[in-house]
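For clarity, chains are labelled A, B and C in written order, and residue numbers in each chain start from 1.
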Amino acid sequence: MSAESRRALEAIIMVTDSPLEAQMLAQLTEQSLSEVESQLAELAAEFAEQGRGFQLAHVAGGWRFQSHPDMAPYVERFVLEGQSAKLSAAALETLAIVAYKQPLSRAQIAAIRGVSVDSVVRTLEQRGYIGEVARDPGPGQAVLFGTTPLFLERLGINSLADLPSVAEFVPGADVVEALEQGLRVDAGGPVETPAAVDDSRPALTELLDGDGPA
Amino acid sequence: MPYEVQTPVFEGPFDLLLHLILREQVDLYEVSLSRIVDAYLQEIERMEVLDLEITTEFLLIAATLVELKCKRLLPEDTDVDIDDEFALWEERDLLIARLLDCKTFKDAAGVISTLFDAAALSAPRTAGLEERFMELAPDLLEGVDLDDIRNAYIRATIPKPRPVVSIEHIHSIRISVTDAVEELIDELPRLGRVTFRRLTGTLVERLEIVVRFLAVLELFKQGFVELDQPAAFGDIEIIWLGSPAMAVADLSDIDSYEG
Amino acid sequence: MSAESRRALEAIIMVTDSPLEAQMLAQLTEQSLSEVESQLAELAAEFAEQGRGFQLAHVAGGWRFQSHPDMAPYVERFVLEGQSAKLSAAALETLAIVAYKQPLSRAQIAAIRGVSVDSVVRTLEQRGYIGEVARDPGPGQAVLFGTTPLFLERLGINSLADLPSVAEFVPGADVVEALEQGLRVDAGGPVETPAAVDDSRPALTELLDGDGPA
């Protein structure tokens, strides 16, 4: 494999916070999918052979660096003794998006973050900070996520209305598009607030104005 | 031509003085002192809270400048009090020390800027813990407050800079100074007197304006027009001197410019 | 170095999201600080030698993985996201003053810059590059500012000691001379040597030899 593309793959995967699909990596390094896939496999084998404390792993449909399972006792100790017991930047951002834009689907979160969010969403769900609050009325009936009472409790607030306003902040065009995309595909017409959604949650139509919870 | 001190460009009086002395090599004697003093006073006005210490220092500096200048404008007084003379030198040395301090940190800022740029080429790994270790922690929101959530949201949804390939420069225009001269010879006799800004008011391409400027200079060289610019960077006034019947000298060697 | 401790270091650093101190790494891998430090340096050299697309870097008093600067064009997409607008010249100068003269008060910064610095100081505080590090013990108890670990991280340096010495920026004799020349004490009329001229003032003696204003 070319040294340049190998180095590029290592660099990109090192700095992204969720697994990256091979397709995306192929695009970023301007190579074919099959070239990238064989490079990634070769690279993963190389790190394994060198007996590194980390692995290049294929998880959740993407590639990422992660600690080697053999080293779990050290990482566990780090979690318990160190200051590491907190959400990653990626997880915190995902949680913030759900808090301000709920209810929204996994696909909408992924479109806003620009990366796959499956593992992060799973973590947040497991910890009880977000949960299913409705089903998309459209054909796919996608799960729509929202924050839970536990989330409010841990932040020490009574309702979503207590979140600091982001009204003066204008999100990027890609964010607005990601949310619109969900609407067009799912409903195709004027959207009504899904019946099951708590009234305190802003409707999607409100969200398109770019505001946070009223 | 009077020396125009463009105060808004400068970061305050020290910056202004440094610029005048070091880069422009302007003799203090030639600078309108009132402008520097004005800059000091403006700075004092701009302060949100009147800080007596800074204000006093400003006044001291301004006073030193005034005194230095007076000394150089007035015929020498033979009865100079030697103590006053020394006091002035001391003030001057103090001012120089302050200017040197200011210059030192200007240069240090350059290095810091370079370090910022170099470091920006590397991105840190921020992925954090893998999910399987998350369960070990009792509360992952420990220490997270509302502002953290808000900042995380803004970080996640901030408009992302996208690399844009500018194609503006591809659009090429071809104009020659000869054509511009001919246009001016047609236009100027009717106008008689016109400012350069008005003359180029309808042009959008910078190159067109440049070519027109070259054409004006060409006419000036050949004695067709008189130019007047009362202030540096001020508008240039063009006054037509010739008559429409006058023949234009050989313009064949004037270049054309391609954008 | 022992393979086990090397692997443990790699694994732990892989899962931290901010630079991790060698002291903490020593504690987690049950080694002495000096052992860990030499292992980390060795490891960093190994990745460099292998021509990896990432580096093990020593910044802001800790260790982290980061993409190699050569790979900037590939990671730009991700780097750009977190990057905020460049600092103005005024902000950079103020930052330089704080970096070299800390701790110091807002009034002290203003005195050096010759302008009020309230808004610039606020900007630098918001960016997290400077912060309150102490209070002036005198009356008024002014806030004293200093730089933060984030400042070191963004500069890619390990400690303030890594900044070039301020002595390197002290203007040379030519600048001093130019300033003295520009601010010379000059008299209008024919100049005579005052009786008490101090020889140590070069500008003045120079002046006396030379000409008054034209």
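In this section, a contact is a pair of C-beta atoms (placed from the backbone, for glycine too) under 8 Å apart; a residue touches a chain by one contact, two chains touch by 3 or more.
In this text, all values refer to a predicted model and were calculated from it rather than measured experimentally.
Trainee: Out of every possible chain pairing, which has the most C-beta contacts?
Mentor: The chain pair sharing the largest number of C-beta contacts is B-C.
Trainee: Give the label of the chain whose average Cα location is farthest from that of chain B.
Mentor: Centroid comparison gives A as the farthest chain from chain B.
Trainee: Compute per-chain Cα centres, compare each with the mean of all protein Cα atoms, and return the closest chain.
Mentor: Per-chain C-alpha centroids compared to the overall one single out C.
Trainee: How many angstrom lie between the centres of chain A and chain B, each centre taken as the mean Cα position?
Mentor: Those two chain centres are 45 Å apart.
Trainee: Where the centres are mean C-alpha positions, what is the separation of chain B from chain C, in Å?
Mentor: The separation of the two C-alpha centroids amounts to 26 Å.
Trainee: I'd like the Å distance between the centres of chain A and chain C, where a centre is the mean of that chain's Cα atoms.
Mentor: Centre separation, chain A to chain C: 35 Å.
Trainee: At least two partner chains per residue is the criterion; list those residues in chain A.
Mentor: Each of 11, 14-16, 65-67, 75, 84, 88-89 in chain A touches at least two other chains.
Trainee: Two or more other chains touching the same residue: where does that happen in chain B?
Mentor: Counting only residues that touch two or more other chains, chain B contributes 123-130, 133, 155, 158, 160.
Trainee: Which residues of chain B touch chain C in their complex?
Mentor: It is residues 11-15, 20-22, 25-29, 43, 46-48, 51, 53-54, 57-58, 68, 71-76, 80, 82, 85, 88-89, 92, 95-96, 98-113, 115-116, 118-130, 133, 155, 158, 160-161, 163 of chain B that touch chain C.
Trainee: Which residues of chain C touch chain B in their complex?
Mentor: For chain C paired with chain B, touching residues are 14-19, 54-55, 57, 59, 64-69, 72, 75-76, 78-83, 87, 89-90, 92-93, 95-97, 99-100, 107, 110-116, 118, 153-157, 163-164, 166, 169-171, 175-176, 178-192, 194-196, 198, 201, 204, 212-213.
Trainee: Enumerate the contact residues on chain C facing chain A in the complex.
Mentor: By the definition above, chain C touches chain A via 3, 6-12, 14-17, 20, 24, 27-29, 51-54, 65-68, 70-71, 74-75, 77-79.
Trainee: Can you list the chain A residues touching chain B in their complex?
Mentor: Going through chain A, the ones touching chain B are 11, 14-18, 64-67, 72, 75-76, 79-80, 84-97, 99-100, 112-114, 119, 122-123, 126-127, 129, 151, 154-155, 157, 162-164, 166, 169-175, 212.
Trainee: Which bits of chain B are touching chain A when the two form their complex?
Mentor: 123-150, 152-160
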